[in-house]
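Two complexes are shown next, each including subunit A; its partner changes from subunit B in the first to subunit C in the second.
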Partner chain A sequence: MSRHAMSARNAHRVRALAITKLVGASIFLAGCAKDAPQDVFQPKGENAADINNLQYMVFGIAGVVGVIMTVLFVVTMTKFRDKGQPIPEQSHGKPALEITLTIIPALILSVVGVFTFRGVFDLAETKDTELVINVTGQQWWWEYDYPVQGDWGIDKPIITSGQLVMPAGTKVLIRETSRDVIHSYWIPALNGKRDAVPGRIHTLRLHADNPGIYAGQCTEFCGLSHGNMRMEAVALSKEDFATWVTNQQAAYKEPEKDSLAEQGEAVFLNQCVRCHQVNGLKKADGTAAIAAPDENVYAGAAPNLSKFMSRNTFAGATWDLLKKDCRGNVWDAKSEEFGAKYLEGVSADCLNEVDLRRWLRNAPAMKPMYADPTKLEPTDGKYRGMPYLALSESDIDKLVAYLLTLK
Partner chain B sequence: MITTGSKYFYGVTALATIAMVLYMVLVNPNDIGAVALGSLASAAALLGGLTSFTRDSTAHTAKEAVAAAEQPAPAAVWPLIVAIGIVMLVFGIATNPIVFVLGIVALVAGGVEWLVQDYASRASSDSTFNSQLRGRLLHPLEFPVAAAVIVGIIAISFSRIMLNISKSAGAVVFIIVSSLILVVGFLVVLKPNMRGRAVGALCSVGAVALIGAGIVTGISGERAELVEAAEEDHYSHMACGAEADKYFDKHPNNAVSLKSATLATITVRDGKAVATLSGLDTPVETVTIPRSNNVQVLFRNMDTEEHRLVAELGEKTVADTGVKEKVEQCTQLTSEDQVNVLTLNIPKSSEAAGPYKFIVPGLEGQEIEVYVP
Partner chain C sequence: MAIIERPSTELEVSITPSVVVPSTTLGNLRRPVQSTGWKSWLFTVDHKKIGIMYGVFAMIFFIIGGVEALLMRLQLAAPDGKALSADLYNQMFTMHGTTMVFLFAMPMAAAFANYFLPLQIGARDVAFPRMNALGLWFLVVGGLVLNAAWFLGGAADGGWFMYAPNSGPVFSPSNGVDFWTLGLQIAGLGSLIGSINLIVTVLNMRAPGMTMMKLPVFTWMILVVQFLLVFSLPVITVALVLLMFQRSFGATFFDVAQGADPLLWQHLFWIFGHPEVYVLILPAFGIISEVLPTFSRKPLFGYPFVVFSGAAIGFVGFGVWAHHMFAAGLGPVSVAVFSIATMAIAIPTGVKIFNWTLTMWGGKIWFTTAMKFAIGLVVLFTIGGLSGVTHSVAPSDTQQTDTYYIVAHFHYVLFGGMVFGLFSGFYYWWPKMFGKMLNERLGSWNFWLMFIGMNMTFGPMHILGLQGQPRRMYVWTEARAGEGFFNFGFWNLISSIGSFVLALSVLLFLINVVQTARKGKQAPLDPWDARTLEWITTSPPKEHNFDRIPTVHHLDEFFHRKYVEDEATHTMKAIATGEEIVRNEEANAESHIHLPSASYWPLVLAIGVGVLGLGVLYGVPIMVLGAAIVLLSSFGWVMEPSVAEDSDYDPPAGGTSKELASHG
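Let's look at the complex of A and B:
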């Protein structure tokens, strides 16, 4: 081989090595990301901490085993590679070595198994539950309803969506199910994941040490907009949670007479109430306006919009109801200030009107949904997700004004 | 070369192909019928090819073929079966579909047997070889079909007997028959010399007795309580009030899948109805059910008296008449220590009418409120 050819080959090797190092370093450093709300190594509650302790132990043991095996592999490959030497004497098995190599992994797995089983049983414990929340998955959003629980001042069921509001420092039990396909509920900072299966009730413990917002994501592929099926758990201090409960149970406030919001209420009654319930809203004849999503939506339910502006997100927690700076003001608030800021809800100044208007103008354009009437045959003409409603800009103005009153 | 035997298969191939084309043009090109006819054509073509390739497995020379053809055809019952099949088929069109189906079965079975036997009897000049050839072709078909028919006759005869006699007599008959089978089995094992004709005679006597009893009891009909229970048609008029039927299933829900991961359990004990939620050990006073979702509610009766769980789900307006009627769902009447499952799917919120209710008829003041947000 010529000197030039050898030089070119070395340069190629150096370049390949540099690229490998760069990629490896990038992957390694990605683990150090600070703004990673769904990082499984940053537990914010006792259940997630149990999992984290277990995974540190398992990854530690697996890491040591991995390093030993890699070193042995590399040494064997280099030391005993074919250099033209004669084939050494062959022996059929070494019982002592084989027994040792069976016992060592068995011992390691036994240790891991003991801690894993203990963790599994701890995480399945429900006797110490302090608050129950029902969670129902649907393409592509989560519904939360709070059964009557006098100890928490919940005298009448509360229903909301997008954001699960819970008291911090409390053992919360969520009871999951699904209306259509299998979904999976996962707030990594608060616990592991649990499938929501139609026709079944599965339980999952949640516990947040401190007030704050904890992000999550549906982790079972559930159709077209699976990637847009997000969730947020909002932990409030017990006092702030009591305030939130009181507000959620407060009676419906009619919009001011002759206001744009009042016209928006009429638009809502004409268009939106077919699927969306607002508790306390009355029709022109004075009877309760009861939504009939079972007649229009395949899964039979749509988000209840009572107290809509007390939430920070909409459309399956995919878009913020708050402008960016207002959102940062809540998300980045100190623990002791967080509750007060969250309970402020969405004001007219902080409302992310751009996304909300886009959504009202043409929801399927923002979030992929089965909104094409020609493709609804398998669902008997019922939609999966919100359809295009052909609202006029005037109607959208009125609706935005009305929605701002739902607080 | 197209041999004598392969002509039949090529003929079937041609007919099936023509039938498939006609079916696709005249009936439905995408229907399973076209697939079936295409499969038949392919299978017959394959068999025809194999038959040609093996030169009918028999006569290899013109001399041998002539000698084979000179063999007189053995006596066969199959032409008679085919004739009976045709008569039954025509008669069945005019009278009863079962006769029609039996006619088709007789026609097809008789036709296949006739064709194969005729083919095998002329395969060579050696009648033993011809008989073996017939067996090789038809035994894989005949034995399973015969076994299925025999098992079917035994099952039908036995079921007619058991449906006719009383429950207690049924248990006795069952014990006697199974004991007899066990004894005969032991005798066959312990006395090998008994095999052969004696076993055949025993089986024949048993079969005749069983079939005879089956025919007699089949004509006699089912026992009175089964007739009455069928006339009640309990499931078509599920009553949520007092049980009107004499015969109903008190143990209907034993499916484990229904009983796991339920929404709530309602237990009646000492005259009180108590609700518990899965995942919580303490009783609750109200139950919240997500709307438009299938949920299972377990009903457990621990009292000696029979009870049922009723879900009162408001009212609905009947479309044609405008009359309002109660919406109710309920379990079967449940006896002591039994569990029933109520599957609910409530599409309408309880927001307008106030909470729905779980009640247990016969227990006053034991309502459990049901919210559907």
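Let's look at the complex of A and C:
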């Protein structure tokens, strides 16, 4: 085939390429418009909004430059394809043009740089913090520890996991660390991500404009079940938050006499309390039942289950405690109704028993963890994650009934 | 046994080789001077054979790494994938990254560098030919050690970045990470040796008249890369040694309970890891800086700008590592500084894109497959570069880092950039290396399938990342997938389909290679009307590369021997064909060409180092054995003259005209 015929055919291809790109760009835009819970272009608070402004700026600039370059490529390839013209002059470039083309991007980037500089320092500001929450990562769940803060009615520490509950319209500062490997805390609607590094404390500001529930996911690879380490931030109005705080600090409610739940409490005392603390729970002899996760778990902690059914999720926020329609009821609630619905917690009717029972039956089969008792040599016999407990079905029935009382 | 005669070193005068009957005791230790057969490859010190072997090994690992990627895409095609377990998935993405970076991309660049750098500067070989072979064998041994883990308890599972403390013995209890640290140390030795070798070669062995500013851009970029390697590889080696001591000998460099700071590893890794990015991309930039001018029939626009921007990228590339750590908690001052530095590196990169486009501007563009891949690089790298600029804005990056947006970005840069550049190099230089033309029609299919497959696979990942899908998760869930048709499900499926289109395109390339080898058409000496020195010799080049070392007067010397400028019209007038020029060189061949002889020692030494490495895992006796092999081979190497003794050859068969200069 002659070169000319080849080039002519390629000219069509060049045009096809341009069309493909345009179609691609429109699909891209269509793709971004949909509602994914972790979409980075849908800020729901001050910090994320600041970031979003920077995102729009730099994506906008990149987009415009991209379009200009595409036009330049297409024109070059169509205009200068081999149409039988003579071999051109062997020119080696034009320094003035070169320098111009170096200076223009430099100028654009210095403007971007100024805004970036400001953004970085603004987002690191912590002086005006209103509420502090300690966040600790562990394979493969997050623990939230609310230090005593009288202004918020927190007069004894609250320890929860899975869902971070915070007041809306408030400048919250989380102080992150980790008990084992590096994790990363990311609620895209509220702020960018920040790594939780063992031995260090990193701060990250969270702010939600309105009540609602905001999804997140651990974003630093943290081993086997990294894919199963999620989190949710729940923003409540200040009144609802006060209610939540009161409830979290409320005394332990013993299960009714002679109920299935009471038998469940016994199972819990026998099995679960080795790792899981329930504040106020007493042993048969009347002494406090103190969990000792440090003796069984490598990282030294297990989720505190005191008000378990006030949360919507379990096992690293990976499975829902609410059935699908009940979950939708909370997640899709209007912002003014959200608080009341969230504070209802999990009722027997709404409980996602299937997954909870599956978990109690054999946790490591559901979520990969280093929980094989024969392979614990590197950790001196300690587990990383919840082991298989060989519970009988009747024990599971009892436990579910008991867990439902933890509200 | 084939008779191997000592080749004559004089072309014009026929000489009678001295007849020496080797003594029987030395028989087994005669040097492997065969010019054909497997020994001529295993023990060769010829930069071209070594280059081809680098290419073959790199291609094998490209396929292995590709299969790992396909398995991952299979797993992620639908929610809650069941194709791989969490453990296997983690091994897959760790080994995919490691393999593609260390066992495909770097060796493939080394293949081109080894083969073409001496040819482009008019040299007969590299400065240290046996060291060159050693570099290759270190790579091969390193690659084997790395992948041996699959069969010995599971591969490394901490990601190619292997962040501490997740890489520690508690969190990664299999031996995978041990094989990983050992394999990379050995492969790294190979790269380090290779880089020093190539630097010395470029600085000392250029043909007369070839000043640094007449160096072909490919050679320039390779030179910059070698400096990057010399300065960055020691850093990763230190990190690997620390990790090895922690895992195997109870050290506590990354043990937080003992007061270690896990960020130490991240700094060490990325001080190496970021320059490494340019180690991967600059050779491809070099390749297309040869291809674009050739097929535009114009010199590279702004040669000094391209050269200095390449050097600037290399230099600034050492000052941007912490942009991989914007979410790691470095504090605002560091983040702001590295943010600005990252923006700065976009400028020389932009300069290159403009220069390539302006090279084509005003040209006479011939759309061969090589040219299509080169243009593909320019287009796809521009997209990857622009998404890279979006990361330089640190607050914005804290939303995108560790999501699929990053995966999309670096695959546009590395697949769209590097792999397209390498494929451009295959199609461009295949006739030079093997004397046969790759099929252009299959090549065109190869290109378009790869272009479409690449965009289908990695394009949707931009969207997935911005919709909030994190990387390195062995499953994704519908709970976070979003509403509507264009949710995670749709884009993940498209991406998975695209990955198989990509695989098909690579398969077409392999078919093309096989078909060309079996019945490809003979390549003309100058099929592309090329511009640089490697074309002033036969295809494939003779073992001594050039019959006469060319004297260089121009950048693009070959082109200027073929064409002169018409004073009046400033267009170019042909005065000689490439064929005539090569024939003229042959007619004026130099006598007394000295070439180094083959040697066993590089291979033996590399195997010794491999055994020594395995000793770290399997006990002191193995280590001692390895050390003994290393000592023996070092001793043998030192005592060995660079040119084989006459006694290494069989006595002449008598009176026949001999094949010249093809001992390997």
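General observations
We take it that the second predicted complex is superposed on the first by the 368 of 407 C-alpha atoms of A that agree within 3 Å, B and C clash if a C-alpha of one lies under 4 Å from a C-alpha of the other, contacts with A are read in each partner's own complex, and residues count from 1 in each chain.
Everything below uses one rule, namely that contacts are C-beta pairs under 8 Å (C-beta built on N, C-alpha and C of every residue); 3 or more make two chains touch, one makes a residue touch a chain.
Predicted model, so just to flag it, every value in this text is computed and none were measured.
Superposition of the two complexes onto subunit A shows a clash between subunit B and subunit C.
When the two complexes are overlaid on their common chain A, residue A:A251 makes contact with neither subunit B nor subunit C. In the superposed pair of complexes, A:A284 makes contact with neither subunit B nor subunit C.
Legend: residue contacts after superposition of the two complexes on their common chain; A:D294 is shown touching subunit B, with no touch to subunit C. Judged by the touch definition given at the top, the superposed model places A:P86 against subunit C, while subunit B stays out of reach. Shared-chain residue A:H202: touches subunit B and subunit C both. For subunit A, the partner touching the most residues, choosing from subunit B and subunit C, is C. In the overlay built on the shared chain, the residue A:A390 is in contact with neither subunit B nor subunit C. By the touch criterion stated above, A:T177 is placed in contact with subunit B alone, subunit C being left untouched. Stretch 40-48 of subunit B is the one among 4-12, 40-48, 148-156 or 202-210 that clashes with subunit C after the shared chain A is superposed. In the superposition on the C-alpha atoms of chain A, the part of subunit A touched by subunit B in one complex and by subunit C in the other spans residues 197-200, 202. On the side of subunit A, the complex with subunit C involves touching residues 3, 6-7, 10, 13, 17, 20, 24, 27-28, 30-41, 48, 50-51, 54-55, 57-59, 61-63, 65-66, 69-70, 72-73, 76-77, 80-82, 85-95, 97-98, 101-102, 105-106, 109, 112-113, 115-117, 119-121, 123-124, 176, 180-182, 184, 186, 188, 191-195, 197-200, 202, 215, 217-228, 230, 298, 318, 320, 368, 370, 375, 377-379, 384. Of all residues in subunit C, those touching subunit A in their complex are 85-87, 90, 157-159, 163, 165-166, 169-173, 256, 259-263, 296-305, 327-329, 331-332, 335-336, 339-340, 343-344, 346-347, 350-351, 353-355, 357-358, 360-368, 372, 375, 378-379, 382-383, 386-387, 389-390, 392-403, 448, 455, 459-460, 462-463, 465-477, 479-488, 491, 555-556, 559, 563, 565, 569-572.
Residues 260-263, 277-281, 284-288, 290-296, 347-349, 351-352, 369, 371, 373 of subunit B are the ones touching subunit A in the complex.
Residues of subunit A that touch subunit B in their complex: 126-127, 129, 132, 134, 136, 143, 145, 147-148, 156-159, 173, 175, 177-179, 197-203, 277, 279, 287-288, 290-294, 299-301, 304.
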